[in-house]
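Consider the two complexes below, in which chain A is the common component and chain B and chain C are the respective partners.
Moving on, here comes the complex of A and B:
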């Protein structure tokens, strides 16, 4: 009964989305009384129906209703209850339902945005466009990926959840990432709605907060995924340039550019066309990401749930939304208000860095799809992996980081004549501080030193408004989002540089009471044994870590074999503080009481995740605290 | 120090096969970075450093042996390339068909700089 109800509510949501779209679009050509209220109500209805749908699917999971195909494929009775919740979005159908649910929630929030009520046309059309996007995905769900489909005969036991996904971070990683992806639909809708209606730069003011919010979720989702991969995938890597990771990185680059471009569009009325294109691109890349993940067109560790036919449908949606947005843009977009810009004005520098961010996204895109294109052209299979990306990303990123610091000191409109004078002391300060690193960690290479300098430069220039205002928090509150954003980025770059250059990885065979040395740290295997988990059998080791004979910590890495899968899962043993991570994973039994062990020393690794947290904090302050402040300041 | 020596001697005696496998520190570094650049062909998208598959184990052993034999990184990559095809290397070789891939940073930066100039005026 419950799955059928779910089905009914899914159709009801589809009907509401259709009304939401039709109502809005029909008011474009003629004036319909009360149309605003109609669109508002249908938006609320759609969200309400989707929440019920999602609740019903969750209920089926909690009841272990294996007559539902999706439940039987992604859960079983032994699955701990928290993971039954997470299993709702552990597969293709459920994650798409989550996708539209999140879209509906964003749309609902947009319809409650009080400031937008002053522009009723823009408001109605953006809600209508969001309704159309939702409609597309709801048809997709009902047509190819219905989570409520029944299964006959009813199996006694379900297949269980992919063991990789049985982890607390999985409970929040996909929803966070999706919130970011899908949230980019809001600036997209506002941009296209603006083209269709008022056709000026007023949308930028409203799109800014929404862009920042989705950017925060995207940042958090990517960082969470990286952290999860680090401790769960078992070999201590934190970024693999896997196609699916790239799929989330591309919209992140463009969303970051959009966020900054909107500042110029809002404050100066410039680059309106560029901002619109960025909004369209950011959402298109989100759709592309959804396509890459869901179609299985790429060989990737993430393609658990994939089907080429479904991929084709998403590709069609992508082509439709991007294509029609670009057509509308080319017809409607008026020529930019032209103004001669000074090369070192804030406008110029922001534009320049946004262009670098677009180039970064472009490079990641090329590297990700290049093997696909060659394969389609029958030119053979190649791999494009970390060595390529780590190299090419430096081309846009080194100039980007150089100009970030300069941009902080620039002013609107004019060439700040003294910009060099202001920048020089900080440049020398970061050069001096940067020299400390080779002293602490030893010499590595020139590119390492450049990375450290750029990280420090970004952080110190980021913090400079605080110094300029005699450390008055009140006076600097308006700069706080920028400061935290740049400091966070600097921290992340520092973490990446130091960890990659000075980290040590060591594979060793160990037996009981034997030690292995990595850097200054001594790892001693004290115990090895087996234990039973709720739905797995684990081989665990106990490893004592000492430094210069001083006891630090004992960690317990495990290797688990889950009942539902024959593949072994590694649970790493990690001892971490702000300055370094020590990582141990259990390898193979090589006989004679010896085990191969994977040992790592990773200095400043944590900064890679603390950086994004600081960046997100900046966004949070902008959206909820300093917005009003900024308005009075301007 | 002496204890360590006795210990390693003990290890040598017990598992001479294992001990003979060990590399010196410099070669360990080379080994670690090499195995990260080699793709495990039977996995979804993992390097042989990350994979637990049998093929990955074999390839790791092979790479270790070749390092011990004094082969250079490019020798080893060439060996893998000839034997398994270019799919195995995460760093695509520069050739006619990867021309655009490797020149992408320059082409893109030039293209986007042109765009920047156009919008900026």
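Moving on, here comes the complex of A and C:
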């Protein structure tokens, strides 16, 4: 009964989305009374129905209703209750339902945005476009990926949730990342709606907060994923340049560019066309990400052929939304108000860095998609590995980081006078501070030093408004989002540089009471044992870490075998503080009483995740605190 | 300097910069592509001057050897026609089994043994590197 009800509400949501779209679009040519209220109501209805749908699917999971195919494939009775909730989005169908639910929630919030009410046309059309996007995905769900499909005969037990997903960080990682992906639909809708209606730069003011909000979720989602991969996959890496990761990084680059471009469009009325294109690109890359992850192309180009419907459908949605947005852009976009730009004015520097961000996204795109295209055309199999990405990303990023610091000191409109004079002390300060690193960690390479300098440069220039205003938080509140954003980026770059240059990683064989040395740290295996978890059997090692004979900590890395599958999962033992991570993962029994172990010493690794947290904090302050100040200030 | 000259110089510098960047990126792209071959194709490449590449195949049943307590392992990778002997030092992935499809990255040494720097196996039941999936398909 419950799954059938879910089906009904899914169709009801589809109908509301259709009305929401049709209502909005029909008011484009002629004036319909009360249309604004109509679109508002259908938006609320759609969200309401989808929440019920999602609730019903969750109920099926909690009741272990294995007559539902999706529940049977992603859960079983032994699954702890928290993971039954997480299992709702643990598979393809449920995660798509989550996708449209999040879209509906964003749309609902947009419809509640009071500031937007002053532009009713823009408001109606953007809600209408969001309705159309939702409509596309609801058809996709009903047509190819229905989570409420029944299974006959009813199995006694479900297949269980993929053990990789049975982890607290992975419970919140997908919703966070999705909120970011899907949130980019809002600036997209506002940009296209603006082209269709007022066709000026007023949309930028409204799109800014929404872009920042979804950018925050995207940042958080990516950081969570990286953190999870680090402790769960057993290899102690934090970024693999895996296509799934790249799929989330590309929209992040473009959303970051959009966020900054919108500042110029709002404040100066410039780059309106560029901002619109960025909004379109950011959402298109989100759709591309959804396509890459959800179509199965990444798992295999062959499963693309075995289930062509899904991939093809998302590809069609992508082509439709991107294509029609670009067509509307080419027809409607008026020529930009042209104005002579001074090369060292704030607007020029922001434009320059946005170009570098787009170039980064482009380089990642090439490396991610090229092997897929080659294989689909049957031109041979290749893989583009981390060396490519690690190398090419430096080209846009080194100049990007140099100009970030200069941009902080620039002014609107004019070439900033004495910019060099203002910048030089900070340059020398970061050079001096940077020298401390080779003294602490030893000499590594020139590029390491450059990375450290750039990180410090970004952080110190980021913090400079506070110094200039005699550390008055009140006076600097308006700069706070920029400051935290740049400081966070600097911290992250510092973490990445130091960890990759000075980290130590190696595999060793260890037997009981034997030690292994990593840098200054001694790892001693004291015990190997077994323990029972709720739905797995774990083999654990007990490892004592000492430094210069001084006891630090005992960690217990595990190797788990879940009941529902034969595969082993690695739970690493980690001893971490702000300055370094010590990591150990159990390999396998290699005979003779020995075990293979994966050992790591990673200095400043935590900064890679603290950086994004600081960045997000900046976004949070911008959206909820300093927005009003900014209007009065600048 | 006249404004015209200034602009010309600007364009020239930009063009040179862009060209250099593109050249570097393309060459890095070429250097970092890993070609993926079957054991039969790999045999033909033994005598070539090599950069690293990947071989995908099944671990031959009964071929896995390891000295007790050592991280060094040897096994044979086969596609049913030809086979390649592989040497690897390090931790094998959780799902490394005889009879299982895996991918190794590395190159041949003088003894015509493939020295692997990386061994990839199925990641979990649902996810596997695309090449392994392709390998398994004809049998399933």
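One rule holds in what follows: the second predicted complex is superposed on the first by the 623 of 634 C-alpha atoms of A that agree within 3 Å, B and C clash if a C-alpha of one lies under 4 Å from a C-alpha of the other, contacts with A are read in each partner's own complex, and residues count from 1 in each chain.
In this section, a residue touches a chain if its C-beta (ideal position, glycine included) is under 8 Å from a C-beta of that chain, and two chains touch if they have at least 3 such contacts.
Here the structure is a predicted model, which means the values were calculated and not measured.
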Worksheet item: Superposed on chain A, are chain B and chain C clashing or fitting side by side?
Response: clash
Worksheet item: After superposition on the shared chain, which partner residues are touched by A:532: those of chain B (first), chain C (second), both, or neither?
Response: neither
Discussion item. A:29 in the overlay: touching chain B, chain C, both, or neither? Say first, second, both or neither.
Written reply: neither
Worksheet item: Does the superposition put A:418 against chain B (first), chain C (second), both, or neither?
Response: neither
Practice prompt. For A:330, decide between first (touching chain B), second (touching chain C), both and neither.
Written response: neither
Practice prompt. Applying the touch criterion given at the start, work out whether A:565 contacts chain B, chain C, both or neither, answering first, second, both or neither.
Written response: second
Practice prompt. Pick one for A:375: touches chain B only (first), chain C only (second), both, or neither.
Written response: second
Item to complete: Please indicate which partner A:385 is in contact with in the superposed arrangement: first for chain B, second for chain C, both, or neither.
Response: both
Discussion item. Once chain A of both complexes is superposed, is A:363 in touch with chain B (first), chain C (second), both, or neither?
Written reply: both
Fill in: Which superposed partner A:164 touches (first chain B, second chain C, both, neither)
second
Worksheet item: For chain A, what residues appear in both contact lists, the one with chain B and the one with chain C?
Response: 234, 298-301, 303, 363, 366-367, 380-385, 387-388, 392, 395, 507, 509, 567-568, 588, 590, 592, 594
Worksheet entry | Touching residues on chain B, where the partner in the complex is chain A | 7, 11, 14-15, 18, 28, 32, 36-37, 39, 43-47, 49-50, 52, 57, 85-92, 97-98, 100-101, 104-106, 108-109, 112-113, 115-116, 119-121
Response to the item:
chain C partner, complex, touching residues on chain A are 162-164, 234, 298-303, 363, 366-367, 375, 380-385, 387-388, 391-392, 395, 507-509, 511, 559, 565, 567-570, 587-588, 590-594, 596-598
Worksheet item: Where on chain A does chain B make contact in their complex?
Response: 233-235, 237, 240, 242-243, 271, 273-274, 298-301, 303, 336, 338, 340-341, 348, 351-352, 355-356, 358-359, 362-363, 366-367, 370, 374, 379-388, 392, 395-396, 505-507, 509, 514, 567-568, 588, 590, 592, 594
Response to the item:
Within their complex, chain C touches chain A through residues 21, 24-25, 28-29, 31-36, 54, 66, 68-71, 89-92, 94-95, 124-128, 130-131, 133-134, 137
